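One chain, chain A, appears in both complexes that follow, with chain B as partner in the first and chain C in the second.
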Partner chain A sequence: MKVRVRFFARFRELLGTDIVAEPPPGTALDALVREIAGKKKEGYDAIFDEKGAFREFVILMRNGKRVEASDAGKTVITDGDEIAVFPPVSGG
Partner chain B sequence: MISIQAEDVDIGTLVDRAKQRGTGAIVLFDGIVRDDGIREMELEAYQDVALKELERIAEDARKKFGLLSVDIIHRIGRLKVGDNILVIIVGAGHRKEAYEGSRYIIEMIKAGVPIWKKELRKDGGRWVPGEHHHGRIS
Partner chain C sequence: MMLSPRECERYRRQILLFGEEGQEKLKRAEIFIAGAGGLGSPVAIYLAVAGIGTLTVVDSDVVDLTNLNRQILHHDRDIGKKKTVSAGEKLQEINPDVTIRAIDAHIDEMNAGDLVGRADGIVDALDNYPARYLLNRTALGKGIPLFHGAIRGLYGQATTILPGKTPCLSCIFPKPPPPEAFPVVGVTPGLIAMVQATEVLKFLLGTGNLLSNRLFLWDGMQCQASEISVERNPCCEVCGEGKTEQTVRRRR
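The block that comes next holds the complex of A and B.
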């Protein structure tokens, strides 16, 4: 199973973007992001708090649709998914 | 025209194109890179999602305010002081709808379209904090 993980803005600078991952079947969104972000401490700390929960301002998307952080643990990733993780927007 | 692009736009041409027989008012919003002691500004978008969201906002504004035309052009990439960042051109039968529609569109963009700005200064860069902690995109 292949999925694409995209970080934006500050998270992109810390963790890169367009990351292709091959998580085992049944992996939840939060575990996937934790696994990838965990490779760089500064990136992990930007997204997760000291208890390992998503920081309050972090925005998650699966295939262009918002997923609340509280639902990330029960959102199971499927083949071909695109996951996006980003800080609050500041366009305009 | 709804677009996210690096290139600048010809605002005069867009205003001319926005005029229809029933148009009585056009409101132009032009967001510009301000000189806050910055060298340049870098803009980044989650392109596919941001474009869909701009299209949805434009359609919502058309219906909500009875607008005759909506153009939104948001630029990305490196911009310098004085450059256009965001151009919104709204055409309506009367000024009230045009002003309200324009205001609605900019506020919705600020609230939830996945685009980010980074100020580039002599001593480094700073991501501009968003006005809203969570976007409205569902």
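The block that comes next holds the complex of A and C.
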């Protein structure tokens, strides 16, 4: 199973632009992001708080649809999924 | 509202695109620009040269040397001046045929509705989410579009919010990122501002496909534009069924 994970903005600087992952069947969105982000501490810390929960401003999308962080643990990834993870930018 | 011969000449090259009728629509329009900084400067300049009849620009800051790498309405000689004074002078020089209202004010719960007045649309050229959420509620309350833009470094985002038809700002970004002194180089707000200004023109002219229900994401480092479809959140505290009494009251 192959899925594409795209980080944006600050997350992209820390974790890379476009990542192809091959998670085992049954992997949840939460676990997938945690696994990839876990490769760089600074990237992980940007997305997850001290308790390991998604920071409240983090936006998760699966195939262009929003997934609430509270649902990420039960959202099972399927082959070909495109996941986007980004923070809102705030400057003007 | 007829165009003067001088206006017909000034806008000749875009009348080729929009027709005199379109140009008259722009002349009748009033746009509210919240912020005269990195986004607000290019938005205001381009909407002024395009002939938007009335532009209201609101800011409460003073021009600082550190602003000048991106806030292109303000020049070196303006350091220490109110941004609204600097912006008003430049915009009126750029196009004396439009009306510029530069208001030195901090937008808050009490004055937002009056400041926006009868504008046909609001351009979000702010630099923080609390003020953006206020603008979002104001736009929803008045039923006028909000042209959102934001930047950081070489990244930018934009979307066009049409009350009742598209997600509102809180549907898309329910929680703000932590405040920071964001890094920025002028080209990024320049680019995002052009997306916003193009949206304003299309909305006023009733032409093209608006950036609605879509979030435009720009990565200047990769030179890559992406978009993500966004949906209304039925539980949105500001525009959804889950909105609280307090939110409804604030919107009025």
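Everything below uses one rule, namely that the second predicted complex is superposed on the first by the 88 of 92 C-alpha atoms of A that agree within 3 Å, B and C clash if a C-alpha of one lies under 4 Å from a C-alpha of the other, contacts with A are read in each partner's own complex, and residues count from 1 in each chain.
Keep this in mind: contacts are C-beta pairs under 8 Å (C-beta built on N, C-alpha and C of every residue); 3 or more make two chains touch, one makes a residue touch a chain.
Bear in mind that the values here come from a model prediction, so they are computed numbers and not experimental data.
When both complexes are superposed on chain A, chain B and chain C occupy overlapping space and clash. By the touch criterion stated above, A:Lys51 is placed in contact with neither chain B nor chain C. In the overlay built on the shared chain, the residue A:Lys65 is in contact with chain B and with chain C. Judged by the touch definition given at the top, the superposed model places A:Ser90 against both chain B and chain C.
Superposed model on chain A: among 91-99, 199-207 or 235-243, the stretch of chain C in collision with chain B is 199-207, the rest showing no clash. Annotation: chain A residues 6, 8-10, 12, 56-57, 59, 61, 64-66, 84, 86-92 touch chain B in one complex and chain C in the other. Chain A makes touch with chain B in their complex at residues 6, 8-10, 12, 56-57, 59, 61, 64-66, 84, 86-92.
Against chain A, in their complex, chain C makes its touches with residues 35, 37-40, 124-129, 149-153, 155-157, 172-173, 175-180, 182, 184, 189, 217, 219, 222, 224, 226, 228-231, 233.
Of all residues in chain B, only 31, 43-46, 48-50, 52, 74, 85-86, 106, 109-118, 127-135, 137-138 touch chain A in the complex they form.
Those residues of chain A that touch chain C in the complex are listed here as 6, 8-10, 12-13, 17, 56-57, 59, 61, 64-66, 84, 86-92.
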